[in-house]
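Once you've had a glance at the structure underneath, I'll fire off some questions.
Each chain gets a letter, A, B, C and D, in the order it is written, and its residues are counted from 1.
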Amino acid sequence: MKRLENGKIDGIKLAYIGGGSRQWARNIMSDLILEDKIGGEVRLYDIDKESAEKNAIIGNMYNSVAGAKTKWNYKAVETLKEALAGVDFVIISITPGTIEKEMYSDVHTPESYGIYQAVGDTVGPGGYMRALRTIPMYVEFANAIKEYSPNAWVINYTNPMTLCVRTLYKVFPEIKAFGCCHEVFGTQELLMKALNDELGLEVTDRTEIKVNVTGINHFTWLDEAYYKDIDLLPIYRKFADKHYEKGIIEEKDKGDPYKNAHRVKFDLFRRYGLVAAAGDRHLIEFVPQWYLREKSDQEKWTYWLTKVYTRVAKLRKKNKEGEDIISGKEELVISPSGEEGVQQIKSILGLRTMITNVNLPNNGQISWLPKGAVVETNATFKSGSVKPVQTSEVPLNLQNLIIQHSLNQESIIEAFFKKDRQGIINIFANEPMIRRLSLDESKELFEKMAEKTKTYLPDWLL
Amino acid sequence: MKRLENGKIDGIKLAYIGGGSRQWARNIMSDLILEDKIGGEVRLYDIDKESAEKNAIIGNMYNSVAGAKTKWNYKAVETLKEALAGVDFVIISITPGTIEKEMYSDVHTPESYGIYQAVGDTVGPGGYMRALRTIPMYVEFANAIKEYSPNAWVINYTNPMTLCVRTLYKVFPEIKAFGCCHEVFGTQELLMKALNDELGLEVTDRTEIKVNVTGINHFTWLDEAYYKDIDLLPIYRKFADKHYEKGIIEEKDKGDPYKNAHRVKFDLFRRYGLVAAAGDRHLIEFVPQWYLREKSDQEKWTYWLTKVYTRVAKLRKKNKEGEDIISGKEELVISPSGEEGVQQIKSILGLRTMITNVNLPNNGQISWLPKGAVVETNATFKSGSVKPVQTSEVPLNLQNLIIQHSLNQESIIEAFFKKDRQGIINIFANEPMIRRLSLDESKELFEKMAEKTKTYLPDWLL
Amino acid sequence: MKRLENGKIDGIKLAYIGGGSRQWARNIMSDLILEDKIGGEVRLYDIDKESAEKNAIIGNMYNSVAGAKTKWNYKAVETLKEALAGVDFVIISITPGTIEKEMYSDVHTPESYGIYQAVGDTVGPGGYMRALRTIPMYVEFANAIKEYSPNAWVINYTNPMTLCVRTLYKVFPEIKAFGCCHEVFGTQELLMKALNDELGLEVTDRTEIKVNVTGINHFTWLDEAYYKDIDLLPIYRKFADKHYEKGIIEEKDKGDPYKNAHRVKFDLFRRYGLVAAAGDRHLIEFVPQWYLREKSDQEKWTYWLTKVYTRVAKLRKKNKEGEDIISGKEELVISPSGEEGVQQIKSILGLRTMITNVNLPNNGQISWLPKGAVVETNATFKSGSVKPVQTSEVPLNLQNLIIQHSLNQESIIEAFFKKDRQGIINIFANEPMIRRLSLDESKELFEKMAEKTKTYLPDWLL
Amino acid sequence: MKRLENGKIDGIKLAYIGGGSRQWARNIMSDLILEDKIGGEVRLYDIDKESAEKNAIIGNMYNSVAGAKTKWNYKAVETLKEALAGVDFVIISITPGTIEKEMYSDVHTPESYGIYQAVGDTVGPGGYMRALRTIPMYVEFANAIKEYSPNAWVINYTNPMTLCVRTLYKVFPEIKAFGCCHEVFGTQELLMKALNDELGLEVTDRTEIKVNVTGINHFTWLDEAYYKDIDLLPIYRKFADKHYEKGIIEEKDKGDPYKNAHRVKFDLFRRYGLVAAAGDRHLIEFVPQWYLREKSDQEKWTYWLTKVYTRVAKLRKKNKEGEDIISGKEELVISPSGEEGVQQIKSILGLRTMITNVNLPNNGQISWLPKGAVVETNATFKSGSVKPVQTSEVPLNLQNLIIQHSLNQESIIEAFFKKDRQGIINIFANEPMIRRLSLDESKELFEKMAEKTKTYLPDWLL
């Protein structure tokens, strides 16, 4: 039981589910190799076994790369059972279905109904269709964890975040799972920029910007933000006013769907008084069609819709990189990801203490959202323990924007586990992005999209 | 203190606020004169003093009309204080602003933005603008009741029902107020028709149809309906299927905005499994634009938009009737109203016991709506006591339709009492009927409508 | 499905579990034979088959007794399955264990530790030991109902009421069960006496006294009481003050353990301002040893401890009566029980409407008691529906007296279903009647009592 | 607004209310002088002006003591207004009434009724009588803070902790107050000892023992305890079993009322499975008389009742020390207090981050205790923010021990602010330590104690 030796904990067992794309996997490999206080083994499981094997090769290459501070033994495994048996931690980061086909449909099928999506993987027609094919996969993961590693801590990175984590808890309520997302980090950076610009400081570490987080993934809000003893909300107000018209974006980033000028964030702040804490392209999908009624609204609000073909290209590039690293064409370098997963692992092992935002079932930390729904708030990470932090109430007119999504997410779970197809059609009909359609149209859209993702759907849904 | 004598309670003091229009006032006069177990005095207060005086004349005429079973002494008073001092019951039934001007604007101003309203007095742009001018009036009533008759029972008939009752409790939390609406009664009649048609019965009393009511005013739902030991839900299902295409409406009623073919109700039942219990024209206003996106949707779903000029005509006719009754041109007859106010008064006096649906602050009777929000459920009426009945949960996808409105209503109260103009503009922007507009448009609409009702609005709102 | 014919519902199927003692069974037989609108069959099941058979004989004799208004066909059955298959209603009224042995121990074993119990079947050492042997029986009933008659309405009369009903819901959460107790009725009679004495009225029907009920079985409280428009609380205050010293009891009733002088009730009213609504001998068991620290306190507060031998004698007399009726030595007469079970059945069948107090899981009707715990409040009884009525809050110092028991009851369920013997010993140690013992003593008492009732306990408890 | 310069925040304004005794004041002076990143002024206010002035002298002496790392300017002020106007932080640490007279009565008056108290300042007759005289003082503080420094952070050290903090929030709900207590720290030290003993480690910093805290002040419980990745609960179980009979105490500490052998803690752990986290002498006062029925129980369970004369002696010694330091007879040395107040101040200023246990109103962090009641749980301390951490549920039989006190505390507040003397007598009658008395005795005890502390009580209480 005691593994601690000279301040280092060795022999940690970690399962990594998915990540075949090598993008996310290399992130965590870099982060792991930089931590001298922990070491052990990583089991890689992917439905694309070849990908897992390639990842194992790269993972083991990290042990001898310049700057490596510890050692991790990577191996690809063939079954969930092999991956999970007796592990301390499980990381799940999968692509549900393919990007080329299913995700393509998620994003682009609704366009023929005049519905444009900035991302399409969280809510809206794309988000819910993605959820419907992902839930069965997470049912399988939850059952396997329950059987093979019931005491493991489980970290989810897959979208739709809320529904992935919710499914894990629905199937195995005692699971110790949480979900991590970096969207809030970007907003901390924006606040840091406001601070530096307005007060002439040169703060460079976004974790110095202390925030209270409340809401749901990709639609999170900050009701407090401080740097040391400096309240950042009045500073952000000035900053938002100053940049309201033009936004903040570098010339080179214009047109990049992963960038935006924060104008949606500024507008929401001026209207609601709290800081919306996700990329504009996510926020857009949660509110009425204020910022995306016509396709041309993207220019008006200075952001760009993500097209799926750019994702495909990005993925291919990453895979190519992987090949080149294995063959020696490209040098393997450690590049810290900016994600917090490895720090959270260290915290749970008692090697540090953190307060950061994660996704957990609502046990009362947000009094005005349904109990059990997965929400995103601060949590304390310390030895053996992850606990959500209580949030303050937000104005009722803002609650009303958020709760609609939370109830839709809970409804999807309720309907899915009851095999209630009509219930799911009802959710579509009342979904903020879809509900401007007629009843017939929303049903038709559901059916078209279901057809295109049918490989992954249960029979009763077709 | 003891007023009971030979089974009759005399000396009851009742204040009637509003009702100058004579329509609602004559309803209750008829109901009162038919109850032999109660009698006393009625004080009539209206900002249109002349109307109150005419009502007093008519009220006293009822005492000698054929079929009169008791005696009530009516008098018009000049102040709220005179009306309220020491009364047992207060009935409030006012027209906030005028129909010709303010209500006209409520209903028709939004049409230039493509927003059609079937009623326009509950939610939507019309309902909320009406609320904004009504709340200050109810603040005044609540304060007066607190001062002059804190122990009185208060019955509200004014729309927007929810926000009128909510304002009373916000200002004077110990008030004993509830709100009455007959929309559920119409649905009981429809269920009675289904029962009679399907089983060949001849039930004629809608109170024999026992229902559980849950939701908010004009968007109430039934999760149980019985006649004796017969479960009416399977019967209603057959009935709804049979009449789904054509609806149920008599030829002569076609085109009458106060009638409808129940097709919206049938559609909601088939989709949600619970019985929507209000007139179609109300239901339409609470859901996304499923049934009223284009003006032509009224034909498609077989209902007719209420035009305000029809209301004006109706009101004039009623007033003319009043004149004629006073002058003797028209005979005064007792016509029972079908409302339950007088029966509720009798119940509170201990002369009978009732279970019926009313509007009360949520004290837990609907677990999934905000505490304190005014909701409509069954309540028990007995000696000295009105208590809400616990409801069962409804499916989450239905909760989501309802809670948006309840939170908007709570938001209006929060914003109004904080004098938060931006908050009110935010509510408009996210209101189900308005939110298809752009942010600029919804703000512009708010301001146009505010201008047209400005006589009754507080300064900070203009 | 439709059984209603000329206003009468025939063909009702009713299962009666227990009642072998004939006391409770004859109550309901009398009540059933007096209702002309209902008829059908009653299946009698008792572990003492002979008793059930004798009851069947008597039950069928009722059909030809003078005053019989309908017909019920009684038959004794051998299994729970035969009793339950397809019935509309189930009545459970059993004696868990024997009075001579197990109940004797419940009441008298604790006396050697200085703990006297006035009743010993609800809380305290006797109540909880009785619960521990009753829960397994109710697990069996709940499972059988789930299997053979899941849609039946289940009425429980057995004590400990709260834990019997709680077990049914724990095992089969969808069960439609409620528990009935007549203790509140006695308090309505006392209020009626106060009304008649103070105002010179001659009210004779206790159901005319309208009350709001809140609390848990045998420790229920009234926060409102009215007759017609007369508030009874000020009247009861005068009455309680007047009779505080001597109480109210007829000379002939002195010494009768089933009677009392209401002095405990008066004292609680003067201290808490609400009417305690159960017999004094029950109330005594729920509060600290205020009224029963020494055996002599019974004289001081004018009540008498129930001795188990009086119960045995009473039972034998009832059984003898039964024999004599069958043999014709004694005439069978209809004697209405004063219980409300049959009226509740009629209400559920839609033949009347009632508001009365029953025991149901807390779904929010008492906001300050745990969700799911069984509580006693008013409920509405109408066609196909039993729903609890929302209660108002009671003062915190009174909540504190009640919640301790509710949490102990919930703890017993939690510990029992987890097979947590230490948990049960902990509950004993903190039970209001037991907690003046040392830890060793309370454990010893538990073990002595468990030994004496071991025939009915699961192994892990011994 | 920006005070941060080179990583140091200067110009902090701090008000210290009370502390005239010099014991607590010197604690914080030592802690402040050791922090090089903060500096500013401290205003000392005490009803004993002379004491405050002496403290100011000592405080300023610290600036030139060996090891001083910063500078604080101390001054004594005459009014609350002077103390509070515009400060950043307020520390309250008063002695309500005198130790010689009022506290003497708190502890020793109940002894004539057979009620012995181990401390007498939290619950029980002593705790509640102390509360009744302290609440009016805290009403004054809360009103003054509301007027003069509404944005200040307020740290309370006075007992009864729960009721002091509760009164602040009752009077000024927007106050930013929390209460600090070191009892949990002692339990962390005990867990550290268990860890070191069982695993042969040499951990010396109790903050390395990470715990989850839940409950109310002086009756807090730990449901998780870790050192790094080592779960301490199984280790503590062995440790508790091993030392159960003899406890753990050094020979020299025997008889010292501020020490104990942890046997009560061990017993509670074996029975409830969670770690009780306060000194035994506090725990004893919260449970039934399990550990203190007779005076002799202190020997049996190896702890010693605090006698008030030892407190008086201790106080005199401290005061003498103060005199000697001022006169130069005794050298002033910096002695870190082990309290966390100064670290919490630093955290709120953004100079570090902490997770520690404090007392805050229940906003949902303990789902099973009343909303608004003051509870003790972990909280996050970071820039401008103190937020409670969500706790897990504890077993129902343990909840039942705790909730009784929480409801009594809420009841005291309810009754006090309603001026409900009978309510307070009711609370006494049902208080766990008092309720074994008869009703007459508990009332008599209340009145005797009220008489002895009457200088500080409002008239309506006498």
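Keep in mind that, in the parts below, contacts are C-beta pairs under 8 Å (C-beta built on N, C-alpha and C of every residue); 3 or more make two chains touch, one makes a residue touch a chain.
The model shown is predicted, which means the values in this text are computed figures rather than measured ones.
Path length between chain B and chain D in the chain contact graph, taken as the least number of steps between touching chains: 2.
Chain A and chain C have centres, each the mean of its CA atoms, that are 55 Å apart.
Computed centre separation for the pair chain A/chain D is 42 angstrom, with centres defined by C-alpha atoms. Work out the mean CA point of chain A and of chain B, and you get 46 Å between them.
Listed for chain C are no residues, as none touches two or more other chains. In summary, the structure contains touching chain pairs A-B, A-D, B-C, C-D.
Residues 1-4, 9, 199, 210, 212, 224, 226-231, 348-351, 353, 355, 363-365, 367, 378, 380, 382-385, 387-391 of chain D are the ones touching chain A in the complex.
The part of chain A that touches chain B in the complex is made up of residues 267, 271-272, 287-290, 293, 368, 370, 395-401, 403-404, 407-408, 410-411, 414-415, 422-423, 425-427, 429-430, 435-436, 438-439.
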